[in-house]
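Working notes for the structure below.
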Amino acid sequence: MSAAHSLPLADRLKDAVRIGIVALLLGIPMLGLTTADQGGGLQVLTRWPLLAQFVGVVFFGRLILQWLVSHFQLRKLQRQRVAAKTAVVQQRPWLKWLGRVALAFAIVLPMAFSGNRYVIDTATTVLIYVMLGWGLNVVVGLAGLLDLGYVAFYAVGAYSYGLLSTLFGWGFWETLPVAGGMAALFGVLLGWPTLRLRGDYLAIVTLGFGEIIRIILVNWTDFSGGPNGINSIPRPSFFGLEFKPPGDTPTFAAFFHLEYSADHRVTFLYYLILVLALLTNVFVSRLRRLPVGMAWEAVREDELACKALGINVTGVKLSAYAIGAMLGGFAGVFFAARQGFISPESFVFSESATILAIVVLGGRGSQLGVVFAALLLVVLPELGRDFSDYRMLLFGAAMVLIMVWRPGGLVARREPTIQIDTPAAQGATP
Amino acid sequence: MGQFIQQLINGLTLGAVYGLIALGYTMVYGIIGMINFAHGDIYMVSAIISVTALTLMSAFGISSVPLVLALVLIIAIGFTSVYGWAVERTAYRPLRNASRLAPLISAIGMSIFLQNMVQVSQGARVKPVPTLIPGGLELFTHNGFSVHLAYTQIMICVVTVVLMVAFTGLITRTSFGRQQRACEQDRTMASLLGIDVDKTISYTFMLGAALAAVAGVMVTVYYGVVDFSIGFVAGIKAFTAAVLGGVGSLPGAMLGGVLIGLIESYWSAYLSPEYKDVATFAILILVLMFRPSGLLGRPEVEKV
Amino acid sequence: MTDTPQNTLLEVNHLTMRFGGLTALDDLSLAVPAGKVTSIIGPNGAGKTTFFNCLTGFYKPTVGDVVMHHPQHGKLILNQLATHRVARHAGVVRTFQNIRLFPSMTVLENLMVAQYNTLQHASRFSLAGLFGLAGYRDAKAEALAKATTWLERLGLLDRANVAAGNLSYGTQRRIEIARALCVDPLLLCLDEPAAGLNPRESAELNELLLYLSREHDKGILLIEHDMSVVMRVSDQICVLNFGHKIAEGTPMQIQHDPNVIKAYLGEEETEEASA
Amino acid sequence: MSMLKMSGVHAHYGAIHALRGVDLTVEKGEIVTLIGANGAGKSTLMMTLFGQPRASEGSIQFQDLDLLKTATHQIARKGIALVPEGRRIFQRMTVLENLQMGSTFADGAHYEEDLKRMYQMFPILEQRLNQRAGTLSGGEQQMLAIARALMSRPQLLLLDEPSLGLAPIYIRQVFRIIKELNEAWGMTILLVEQNAHHALRVAHRGYVLQHGAIVLAGSGKELLENPQVRAAYLESGAHAE
Amino acid sequence: DYSVGIAGPMTGEYASAGAQIRAGAEMAVADINAKGGVLGQKIKLEIGDDACDPKQAVSVANAMVNKHIVFMHGHWCSSSTIPASDIYNDAQIPMATVSTNPKVTERGLKNIFRIMGRDDQQGGVGGGFLAEHFGSKKIAVVDDKSAYGKGLADEMAKGMQAKGVKPVLRESITAGEKDYSGLITKLKAAGVEVVAYGGYHTEVALILRQAQQAGLKLTIMGGDTMSNNEIVTAAGGDNANNVLFTFAPDSRLEPAAADVVKRFRDKKVEPDGYVLYAYAAMQLFQQAAEKAKSVKYADLDKAIANGSFNTVVGTLSFDAKGDLKVPAFRVYQWKGGKYEYFK
């Protein structure tokens, strides 16, 4: 609590013992004891050695941590500061630079990993989430509207394509704007009853909205295929050239005189989502500097002040919902096209939670942060696949730890949308 | 007629369970001013603990029902509040000064963690316990439909009401309750008045966890089957209940829970059970359109 | 009042506002002339801020109405307009007693947001802006020029790129005034603009207010407890107590009104103010 | 021993260096006032006493307590109370509850008596007892903030612009109360005021803060007459004429 | 070494099924390796977790492709198997699965072999059985809205109707909830005594418990998932004795499996449900590879498609679609903690 200088050993021991006791209490019911079905009823099994190990690890871990903390705090103490309430940063060239590196990497990735379907495919997933993150960022990061049902718009996009393509034979490119429009419409539909709501009230309504869409998709079998979902959704073609083994229709491989390989499509899909995501980025970054964008942020900061300045808060909020939803819809179309199969299971609440986590972990309002967060949240569980049982356990723990490590998000600072040269570089006081 | 009354009983019981979880939820909300997504999982942890405790009781041959119930409650409350404390300490306290969304995300992470921790350490299989309090009252029979009221249903409703009254008193009448509310509204100012914000928040989490623990025990005794994944749905329902009633208001949480319980039970008895959640959320949205701060929540008149 | 109706910018008729059992405003009638400074004073809790709230659409008055005589749009009944229309359509812009800036946006952004309607129009609902068309670029440059002008006038230019929430109380007060000015109001309603300013800074504020009303012909409604401001800049003062109007007149008349002295100024103050 | 002694205190908000080596003492039974322009760091200085933000350098001693090593809530329990900038009353609590918050760690025996005293000082609060504090008028909130601080019976009272938003008639009342608290109750007071005339008149001593450092110190009277001070902080347009 | 993959819900709600698959496959791989492996090479098992989420299933599939597996067993949920099988097909990897939804094999993929019957078959068996044995009672059809559950329930309803019995009620519930009192009241009001249920066993257990509490005696007819012995204790008392279900013939009872079954039990794993199927899938791979003398797709796939294999779950051979040629379904009943053929 107080500015602790390095603690004497006795205190540190005491502290570690205290934490050890907590670990013991936490461990007894979960590690020390367990129940198992031994034919005909539960029996209690004990695992005291496991518990002892756990408590030991926690105890010594705490000791070491304490030591590390007090060791480094000595230096930190001299410049102990409280973070400014809101940080605005003028120029951070390294961020731009980092962004460029990321972009360059994204462009060469399929070349660098050519033939490695898994990497390219995972990268495609990352990019879908990046796009979703950028879309949700409009609603949550900029306009400050907590949306826990974003997946609904993603679903609207995906089902629009799924249905239009399988029922009416529409292609990917024709569907894209229509699905975006549909999603935007749903955005307004959701936005309208929630205009007066704040904070958690908004959160539960959006969550409910997402669930309503999902439940309708599950139950309205005639329309959506119900739990079976929609099958055999056509894959996007390369300007009319299909990615198929040579056959009667013109194919990509035949046209370019290549040997057919399943990787062509994977690579094509990757570049497709890359382009879509980059367009999203340009679109959102530009919007943010336009009056609407500034109004979004202003509404987030203080709705009443906005009204007093003559800003139509309703319109501003609805535009944020509509645009965020539209981007989600685009991503949905791509998702359906890539998977070839969609079912309501892909649009559950935890999906919304992941997208929201990407936005928050990235740092609200930071475009680049979203990229890193998406990378982290997609790749972490992928890496964890080898841990099998422990995969989600580690994922959950990582989510907590990252948030605790960087409470403001990975890229926490907000870049002003407009700047002027001010007379004389400013010191601390006016 | 018989069916109607039966659904009333069922709906009230279900609502009481939601309300009980929502009480803890709303209490924690009242202090950190944000959704505690891990609350449902705390409740799940307590349900698992009470399964272990119940099994232990029968292993030790303790068979007097009141004694078993009391011991299980004590054990579950004790251990679960340590979990509440630990969750707060690791996932919330470091984020005291961050934006409102940061703890929301760490709570989601914590919820994933707890769920999988239990899955790994206790196994993925469902855990059944024998019926502790069998039987009930046969109220009446109407057109060949006999209306049942189980003893556990009575117990759940009574426990919920008692806890609601007790905790409402705690929050609105006592100095500790005032300190809690102060922490929610302005933590810095609260500490300037001498309030140990960290401690107050820790205690509140422990109380919230204790409420979840009671809910966990009740559910284990009532339904007899629990597993590591029960936290999620319960958490969402409780969250909905709390919001419907007005977050921060304990009677509101109770009312919200009961309303949702009734909507669900009547909707599924007379209309299509597939769409009962749609009905719940639609009614929630409707209510909030006209009362943006829930049924019993005090409207936020912002003076400018 | 000697104002001819043509000169009247705002007309308040029998305004009453009740909160449950409490009557915060009681049958208040008032005429606010264009291009002049009208001050509202009165003890704490007299209903001054409530009056602003009724005027700008934040509260719906229980009884009575507020009519704006708009040079272009004619008669507008403010209490029937949506809050944002009061500022946008009727040109009545206010500041808040409890500062309400956009804290994590920079000072300059705060001022740009204030020009949202103009800019949004120029950007053709973002389309022109998205493609960076000339019409929008010009409008933006103009808006920026306006913002810098007011910043300079209020001595805030060096703070333009700082997050508004990180500034001290007095500085924030001045930014709020600058922000309101960026909306180009016909009637500017200031709620205690001098609170948190030291006497010297208040003096600068005086200059500004006089400049606005004299040079820019803005109507100003001023709530203020600092008599060095009120007595210096007001053309007309209205005194409220318990929601009633207890006096109205020029600064000279008000200073010597025994009711006002008793309810508001207190005994010594008269000496001081006239000193 | 001084009641309060700050020496070489520095404080930062992130990269902003808000206090740059402040030296200041307050003796028991004194009224000390602090004046300075907007952004000079007056409010920061007050908050730094409570460790919000915690000083990054220097020392702060309250009687024999090292405030740099004491948690915020512990400091408050040791008999320091603050009327903060922006009032910070608990908006969603009633007026009475706000007052009760103030007395949370005070000796319960005086509670009723203190409450009566507050009603006497600020009669309007008694009329508004069960109103939600957030709906009070600005000035009423200011009075509530003062009353709440007094409810804890502090030894050292810190007032950050207590006259802000008060009607002239109440401003005088507040200064009367300050004097009374000091004289009749022996309370030590550190006062930040824009209303420098009034403040320097009641104060025994005063400091002038500029750019985060003390540039001038002296008795109230001296400062009132100091031409620099007059020019920078006291002369209003009206007086200059 | 050859890598083979298995995938299923190792985490999430259905993690217990994932555990079964895993236990079965691990034992099989150990056994095969102990006997010298396949074509002289050891087998390495790759495990994928899809949590029954189609998107993750695709990801798992891509990861498996990348690990150059030569054979795949999975996924468990039909909704995961369907999109994942496209990828295995693209990458030309033969696969076995226990997913029962008809669509799994109806899409013309050549690489997929189902070692379990189909929902329309088991639904037909179940529905027909109900009509025969319980035709005089009031029967309700209930599902849990999952792809599997709804498909199965629909097929059971069809099977009943084919024999002239009409269900009196058609209902859906939401899996994962705890309170089914609404359903029970409805069943009770309609005088239902028998329920044809499409879905997973956890819900059935709860329904039985709550029905008992409400004073309603129910018999429930379910599908393959009811073979999980969790249902016995979960349903409480002797409620499980009222559960009938269709499942492939119980291989644990077959002498051919006796040795394997015993070794599972020694390791405290009850080889029920999908355990032995996972074991059999590995045997299928081993035998096909030995027969084809290669693990190349073309050879292996042909060998599986045309061969007939003796495994712990009986003899497996496939039709043109990749479905079992003789998908025998039997009706079982739980009795005192074990399931046995209905008598």
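The first chain written gets the first letter, and so on, giving A, B, C, D and E; residue counts start at 1 in each chain.
The working rule: contacts are C-beta pairs under 8 Å (C-beta built on N, C-alpha and C of every residue); 3 or more make two chains touch, one makes a residue touch a chain.
Composition by chain, UniProt nomenclature: A, B = Branched-chain amino acid ABC transporter permease; C, D = ABC transporter ATP-binding protein.
Please read all numbers here as calculations on a predicted model, not as lab measurements.
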Item to complete: List every chain that touches both chain C and chain E.
Response: A, B
Worksheet entry | Pair sharing more residue contacts (C-beta pairs) when B-E is set against B-C | B-E
Discussion item. Please identify the chain lying most centrally, where each chain is represented by the average of its Cα atoms.
Written reply: A
Worksheet entry | Reference chain C; chain at largest CA-centroid distance | E
Worksheet item: How many angstrom between the C-alpha centroids of chain B and chain A?
Response: 28
Worksheet item: When the centre of a chain is set as the mean of its C-alpha atoms, what distance in Å lies between chain A and chain C?
Response: 43
Item to complete: Quick one: report the Å distance separating chain A from chain D, using the average Cα coordinate of each chain.
Response: 46
Worksheet item: Taking each chain's centre as the mean position of its Cα atoms, how many Å separate chain A from chain E?
Response: 34
Response to the item:
Listed in rising order, chain D residues that touch 2 or more other chains are 13, 16, 37-40, 52, 71, 135-136
Practice prompt. Note the residues in chain A that touch 2 or more other chains, in rising order.
Written response: 1, 37, 41-42, 83-85, 87, 218-219, 304, 389, 392, 430
Discussion item. Touching at least two other chains at once: which residues of chain B meet that condition?
Written reply: 116, 119, 123, 125, 128, 130, 274, 277, 302, 304
Item to complete: Would you mind writing out the residues of chain C in touch with chain A in their complex?
Response: 56-58, 83-89, 93-94, 96, 100-106, 108-109, 112-117, 119-120, 123, 125-126, 129-130, 144, 148, 157-163, 165-166, 168, 171, 179-180, 183
Worksheet item: So in the complex, which bits of chain C are touching chain B?
Response: 49, 53, 58, 96-98, 100
Worksheet item: Considering the complex alone, what residue numbers of chain D touch chain B?
Response: 50, 52, 71-74, 76-77, 81-82, 84, 88, 90-93, 97, 100-102, 104-105, 132, 134-136, 148, 152
Worksheet, complete the sentence: So, in the complex, the side of chain E touching chain B is made of residues 11-13, 15-16, 18-19, 145, 171-174, 176-179, 181-183, 185-186, 188-189, 191, 202, 205-206, 209-210, 213-215, 230, 233-237
Practice prompt. Report the residues of chain E in contact with chain A in the complex, numbered from low to high.
Written response: 10-12, 22, 47-49, 51-55, 58-60, 62-63, 65-66, 79, 82-83, 86, 90-91, 101, 103, 107, 145-147, 149-151, 172, 229-230, 232-233, 337
